[in-house]
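What follows is a pair of complexes built around chain A, which joins chain B in one and chain C in the other.
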Partner chain A sequence: MMSAAAPADRTAEILRTVEELLIEVVGDELTLTGPITLATSFNADLELESIEFVALAEKLQQHYAIDFVAWISGKQLDEIIQLTVGELVEYVATCQS
Partner chain B sequence: MARFLFVVPPLTGHVNPTISVARALEDRGHQVAWVGHPGAVCPLLPTSARLFALSEHAPAELVAQVTDRARTTRGAAALKFLWEDFLIPLARQMRPGIEGACDEFAPDVMICDQQAVAGSLVARRRGLPWATLATTSAGVTEPLAGLPEVARWLRELYASLEREAELEPAPDGERSPHLVIAFTTEAMVGPRDQFPAHYRFVGPSFAARPETTPFPWEALAPGPRVLISMGTVNAESSGRFFATTLAAFADPALAGVQGILVAPAAVLGDAVIPPNVIVRPYVPQLALLAKVDAVVSHGGHNTVCETLANGTPLVVAPIRDDQPIVADQVVAAGAGVRVKFGRVQAPELRAAIRAVLDDPSYRAAALRVRDSFAAAGGPAAAAALLEGLS
Partner chain C sequence: MSVVAANGLGFHVQELGDLGDAGARGTPLVMLHGLLLGSLASWYFTAAPVLARARRVRLFDLRGHGRSELAATGYDLRTMAGDLAALTADLPGPIDLAGHSWGGLVALRFALTHPERVRRLAIVEGPLPPSRGAELTAFSGAIGTTDPGAPADPALPGRLLEALPAAVRELVASGRRQAERLVRSIYTLTTQTSLLADLRAEPDFDTAELATLDRPVLCAYGDRSACLDGGRRLAAALPDARLTILPGGHYLHLEAKDALIAALDAHFAEPAHG
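Right, the complex of A and B next:
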């Protein structure tokens, strides 16, 4: 899923930051079932609640100045259901390049 | 005198509010009938009610499927499932029977529950005046406003029904352009000037239902009491939440507070029940609500309305569908605290319960909502509005 524009170390760095932001939003127990990877899905794996999506959007806005809500708003229902952490990381990388 | 036909889905919460409205119409000299699935609808209606029966085969399967999937599906996946696998097939299944009921009953006005989507198709085909019943207060909100692609998907699903019914596509065609009656008030959904003029808020429509479930009233303690009810559909999937609740009540901070937990014993396993908690598989909810000081709920619209009608504050832990929206309305009204169903831990739940019991602002807000319900007119106001369509 990763674009060629995002080198591996950059990807890993964004993934770590996204994981930190998610833990700030959700709490420590988020990682009890294992580390968050690029393949982790927001709906099926993390079971993110709607208020957590809103909180995550605020954190991404503060940290990366990206508009998560606008990004999600362009998505189809199936894309939202299957949305992975990797897609978010790729989007952050694209915004920064 | 006019003839009013109610179109209802095979869902208890959507049939109950029609009963008092129908009685109010009859009191005003009108004739009423229902069209729906007898297995689900008949037990709820008065014995004298006239019901045009839809075929039973498909909905029984559909409802079983829905109940099953509802236990495991949440979030966006639940939205997809609700429409693609339930409401749209249900509409296809219901439409011919509704046409037949209209041929026989010749209604002057159709009153269509928002989830009985086929009602809107038949009313539009026949050019009849019709009203939409928004049974839940989430029904008048626009939850997809920020998700244009998802809104397009939903419009296309309805458009496929319009094409089958040989109707010209209409924007928002599943909601009546004449009258949308919502069983809520501005205290819950916000100022009415943000809604179209034909949206009318009449407050909840409670059916006077006989409560025969036994309850050990003598076991109620004199101190503050909290009812914990997560809805019948969700009881099986609420094991973690119930365990958290028991842990919260075992803490000294809630020592003087009694919890009445509605849960099947099997879901609790071998959990230790603290002495200040009563566990019952079913309760006479209306009678009990008059005797508790706070309610912990999944945010189902009926339980929330019945709680607020008592002026009682809530802790809401929404699970799916309209529940997050209803929960946000409770919080916005100041009448409760929201916690996360899937993740809340005992200290946070305990603090939320203490907050709604101790901070008088929650009760004051719940009393404001109660007063708004009482002033909204209820079923009689709905009947007067419906009369205006005939």
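Right, the complex of A and C next:
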């Protein structure tokens, strides 16, 4: 599913970091019906508030050299609402390669 | 999280755009969100990322909203314009301002009080007179008739959510957790702070004072919005204002996102040099 630019171990590392930062932002209120996977969506599955997503983006930007705001500036509202952990991980991986 | 202390409260502030090159990127733009349903995320996930391609953009959560500290009082325009003044004091030179709903009126109040601090202004769906802000739009039928002296109505936040346009409800309260947290926030603001009383007590803008603001103002209103009459009045009273009517209701940043971004981007574009 991931592009060739993101090897599996790199993807797994970014996924773990996203999960850690999510817990930092949301704490034990995080809605979890199972492990966070690449298919998990921020809105429908994690039920993240938009202001919590801003906080997650800020932490990601501090952790990785990414420009989250520039990335979402090209997205439509429904794409942002349906955003999955996998799309974010792939974007971070792309910036690393 | 970036928290800035101002007027005795901690405010959540976000900076967008390439700050390393801020000096070369023209006039900074500060954007204000609307009350109760809004937070800086209202702009962060809609217009701000596109506008930040060409300029530095600063967003902050209004007092009592998003991740800013809850204040028991001070939701009137003068106090909130004071918050804006404190949170922009470090920006050199005149700034650009854009605000949605009550945030647009806060920006207007700031511009009338400190015209030397403002280059251009955009008011998106600001209700006039301001005291109608409590009755209009999403709150119609939910809190509009509530007696300010009456005891708190526990069913009020739920009615408020039901009164929202479906597209807006999907965005701000799509899942059970988001809806519960939003209801809790609205309930706190409407029953444990002076917010509603401040809205109802807000004096109308004086037409003679509006006539003194010689700054370019974009008034963006929805063709199906109950606030449209206010936009017409503002555009007539302000000496250098243009009314832009977009297809939609009160939540233009969601309902007419691309058209609103284009209007804001054109309004705030720096004049070409040489």
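Operating definition for what follows: the second predicted complex is superposed on the first by the 93 of 97 C-alpha atoms of A that agree within 3 Å, B and C clash if a C-alpha of one lies under 4 Å from a C-alpha of the other, contacts with A are read in each partner's own complex, and residues count from 1 in each chain.
As a working rule, contacts are C-beta pairs under 8 Å (C-beta built on N, C-alpha and C of every residue); 3 or more make two chains touch, one makes a residue touch a chain.
The structure presented is a predicted model; accordingly, all values stated were derived computationally and were not measured.
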{"item": "Fit or clash between chain C and chain B when superposed on chain A", "value": "clash"}
{"item": "Touching partner for A:8 - first (chain B), second (chain C), both, neither", "value": "neither"}
{"item": "Partner chain in contact with A:27 - chain B first, chain C second, else both or neither", "value": "first"}
{"item": "Which of chain B and chain C A:65 touches, first, second, both or neither", "value": "neither"}
{"item": "Contacts of A:81 with chain B and chain C, given as first, second, both or neither", "value": "both"}
{"item": "First (chain B), second (chain C), both or neither touched by A:54", "value": "second"}
{"item": "Contacts of A:73 with chain B and chain C, given as first, second, both or neither", "value": "both"}
{"item": "Shared chain A contacts, counted only where both chain B and chain C touch the same residue", "value": "29, 43-44, 47-51, 69, 72-73, 77, 80-81"}
{"item": "For the chain B and chain A complex, residues of the former touching the latter", "value": "74-77, 79-80, 146-150, 153, 324, 338, 340-343, 345"}
{"item": "Residue ranges of chain A touching chain B (in the complex, touch as defined)", "value": "26-27, 29, 43-44, 47-52, 69, 72-78, 80-81"}
{"item": "Touching residues (chain side chain C, partner chain A) in the complex", "value": "1-2, 14, 16-17, 39-42, 44-46, 48-50, 52-53, 61, 66-67, 170-172, 174-178, 181-182, 254, 257"}
{"item": "Residue ranges of chain A touching chain C (in the complex, touch as defined)", "value": "29, 31, 43-44, 47-51, 53-55, 58, 69-70, 72-73, 77, 80-81"}
